[in-house]
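Labels for the chains are A, B and C, by order of writing; each one numbers its residues from 1.
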Amino acid sequence: MAEQIGIAVSRRKAFAMVTKLGLGGAVAGGIGTSFAANPPEAAGGLPKKSYKFVYVNHVTTNEFFTPCIYGIQDACAFFGCSYQWTGSQNSVVSEMANAMQTAIASKADGIAVCLIDASAFDAPTSTALAAGIPVIAYNADVPKGSPNKRLCYVGQPLYESGYNIAQRWLKLVPKGSHVMLSIPSPGTLNLQPRLDGYIQAIKDAGGPVTYDVVNSGVDQTTELSRIESYYLSHKDVAGLFGTGGGDTYACGFVSAKYGLGKKGVIVAGYDLYPQTLGYINTGDMTFTTDQQPYLQGFVPLLQMYLYKLSGGAVAPADTNTSLAYVTKDNVHLYLGKSRFEGSTNAEPT
Amino acid sequence: MSQKDIPVIDPNAPVILEMQHISKRFGAVTALVDVSIKLRQGEVLALCGDNGAGKSTLIKILSGFHHPDSGTIIYQGKEVHFRSPREARAHGIETVYQDLALINHLSVYHNMFVGREYHKRILGLKLLDNQKMRDLARTYLDSLGIEIPSVSSTVDLLSGGQRQSVAVARSIYSSPTVLVLDEPLAALGVREGAHVLGLIQNLRRLRKVSIILIVHNYNQVFEVCDRINFLHSGEIAFDATTSETTEEELIRIVKSGLGRQAIAAASEEFRDSTQDIGPSSAN
Amino acid sequence: METTGTSRGALAKVGLNVPTTGWGRILGILSRHREASIAVVAVVLVIYFQLGNSNFLSPQELSVVLRDTGRFGLIAVAEVMLMITGEIDLSVGSTFSLAPYVMVLMTITWGVPLALSSIVGILLGVLIGVVNGVITVRFRVPSLIMTVGTFFLLQGVVVSIYNSQPIVAPVQEPFNAIFGENLYGPTDSIWSWHGLTAFTPFLWTALVIAAMALVLNRTSFGLHTIATGSNVIGAREIGIRTDRIKIYNFMIAGAFAAAAGITNTVQFASADPLAGGPFLTLQAIAAAVIGGTSLLGGSGTPIGALLGAFVVATLNNGLVMMGAQATVSDIYLGTAIVVAMILNVQVDRLRARRRM
């Protein structure tokens, strides 16, 4: 972590940055998914440019990325750019690599991609860079030491986040107890490092708990059933910890159904599904983390825009979109409808 | 097979079915050029010809599966145009195709009644009356002398001859006026074929149904048919009753190519050579 | 079909095998009912998992397994009817998501009571079935390919409504209780009203499956459905309207997929645009096939589909209970499905031999 030039950027800071650059106030609405160009206007400060940026994602229809898309839309409206949201629905790496190639061939102005595989994206990334197209990784990154030449990573450092989260709940769980760790698709680069972080944290703390790793499955209803079945067969479990948004919600569901919160079971995980927030509010869930998917859409676009505008002089920088913990104390900030959380598409006033 | 108790066709028997100048093309292929046949009440007519001569096409036109390009069908004295197999069936023309149209996954009795099932009402629901259909099928098959151990077994377990018999039984159950059988003995061995021939002979004896039989084996033609029509080059090249000709003459005519002149020449040659003996009465 | 209706004596006279020993009788039962083989597999699995973890047969775990069984089973029986006619519908997953999504939107936006908007949802499923059916029969597009297209089309529709965002479904009594809000809590007795709602998704499915078994075996429609799948040309020659039969079965599939999606949404008070994906569709088809329905058409069993769904649900949940670790659990699931399939085919062969 020390080697990265990281800036922890909060939402408010992002807008402050943009305002300092003299871009003016609120933006109305977002632009659609196709390459609809905006007429260039000087808006006092940075000019609007009809750049076309391609975001390659691994779960294009997953609700987690809804706020991410809103972030992209808002940035596009601001800078007069347009975007395309593409990739794979089910983490199929070849589909994503193809989407990158297509973007390169159609001379996109920038590519943002979730690097869920350690090496499959190296070649398309190099090709893109050789063609003068900036490539930024968001949400998922290649492991340290990888030869991948992406310009920076915007997102939550996955392994570290898992490690930190585990450290936090290890303090809450009694020594010698048994916990459940769940992962929806074992092996994918956006989830596996989190699990690895959990496991390493347990090891480094001297193995105070025993654990099972459960494959919660690829669709929501399967996750709900499997985690419930796990609990029913391991009623003495002291903690339920998810690595993705869906299985975290499922852990909360089981906790609410069986009143585990009151029994002192610690339930925690990732992301801000509306149900997850509800469970934190009612005390069925202990905490979750906010990866700020809105920023994972907004910041790469901002960085690619500046890179293109400055001819490469303003280079993208690694951005940690934070590891904010959402607990009962601050959950009220997240409840209610917000475009930044994806629960509504109405713009803030 | 005894021909003694088979009543002879009255030469003045009414013509129940007449197909006049039927033609049919499929794209570039002309299946039928100008075909005319007459079927009398109670008659068993053999329709012969080479493979690809158009026999199947002709009967498919009769059964409503195809529509003729030109020509008319006169049935029971009235001109008819069948638009579908249902219509032909409704008029009393039943056809048993080569593929038998049997449903392998259904039982014998279901096959007998599919399309005209019996129902009973239970609690306001219209359900199949399987018991009734089983009993009716059992009785009917017994009356036709068809040996099938259990009407509840699926037809895929029956032998070829049994399947053929079931298909024929299904067709005559509704007492059709005209019954068309497309090569009913094609896939059968001697013993099984004998059963089916016996069934046809029984029907012939009663002289109630008029039958068109597509058949290749001339032995069989002379066993159960009253008349033979030869389809060649899209036309009926030869038309004679089975008492007017013999198997040998038939073979000779076929060998000589079936052109009209050839037929006339071969017929004459035959008559000359058998003048002293007279027509064969091998039966 | 059954080999009843004739006395043993008559059968023996024509040389058919008549079992007299106990083992022979058991094999006789196995041979008469194709569902028997999958029932055996189900029982074996239950014993296996119960031995592995004594909580398997607890009412709470059973409510989870039967909840899944209900979900898979309803979609599986929809596929069974279609597979009998020789077709298949791979778009059921997206109907599963779209129908409840539309239903909840109607209720939230226009205040339509859930009871009414759910009917609209089911009609939507029927409409999707009509489209699938008409394109398959009129344009002669193989349904295997065609319904993949419909699947993506419908999924795109449901996802684009609100950018993949699931909507929280309102809870309206008594609609929710009847269709399974799953109010069954850990302290409730299994015999209470709440206890019943633990099983309502399964009970509804079981009811539907019993109805379909009746339709298939005892009505003209069922008979014609089998005929269409067994010999479509022959059926047409007899005069059966095979095109219509296929379309009606597609409509049934659409309606059932919608109903399954709606009960699922009511269960969890959440309409998720991605609730039904390829995983759900594949599991439902696996349930239908290991339950004894042939992929080739002409034969199938709704009861078998329910048992097959139970097997798939048991595997899904039982493996977790046995402590199968994440990385290898899919290996077990896949292997178990293959083994269940092989067992089924072997018993099928046994049946065929005995009947010869």
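Everything that follows uses one rule, which is that contacts are C-beta pairs under 8 Å (C-beta built on N, C-alpha and C of every residue); 3 or more make two chains touch, one makes a residue touch a chain.
Everything numeric in this text was worked out from a predicted model, so none of it was measured.
> Mind listing the chains that sit against subunit A and also against subunit B?
C
> Averaging each chain's C-alpha atoms to get its centre, pick out the one most distant from subunit A.
The chain lying farthest from subunit A is B.
> Could you grab the centroid distance between subunit A and subunit B? Build each centroid from C-alpha atoms only and quote it in angstrom.
75
> In whole angstrom, what separates the CA-based centres of subunit A and subunit C?
Inter-chain centre distance comes to 36 Å.
> From the C-alpha centre of subunit B to that of subunit C, how far is it in Å?
46
> What are the residue numbers in subunit C that touch two or more other chains?
There are none in subunit C.
> Once bound in the complex, which stretches of subunit B touch subunit C?
The touching residues are 65, 84-86, 89, 95, 97, 99-107, 110, 114-115, 117, 119, 125-128, 130, 134, 149-154, 157.
> Going by the contact rule at the top, pick out the subunit C residues touching subunit B in the complex.
Per the stated touch rule, the residues are 1-6, 10-11, 14, 16, 214, 218-220, 223-224, 226-227, 229-231, 233-240, 298-299, 355-356.
> Using the touch rule from the top, collect the residues of subunit C that touch subunit A in their complex.
Of all residues in subunit C, those touching subunit A are 53, 55-56, 58, 60-61, 64-65, 67-68, 71, 155, 159, 162-166, 168, 185-186, 264, 268, 270, 272-280, 313, 316-318, 320-321, 323-327, 329-330.
> Give every residue of subunit A touching subunit C within the complex, in rising order.
Interface residues on subunit A, with respect to subunit C: 61-63, 65-66, 69-70, 90, 182-183, 186-187, 212-215, 217-222, 224-230, 232-233, 235, 253, 257-259, 273-275, 342-343, 345.
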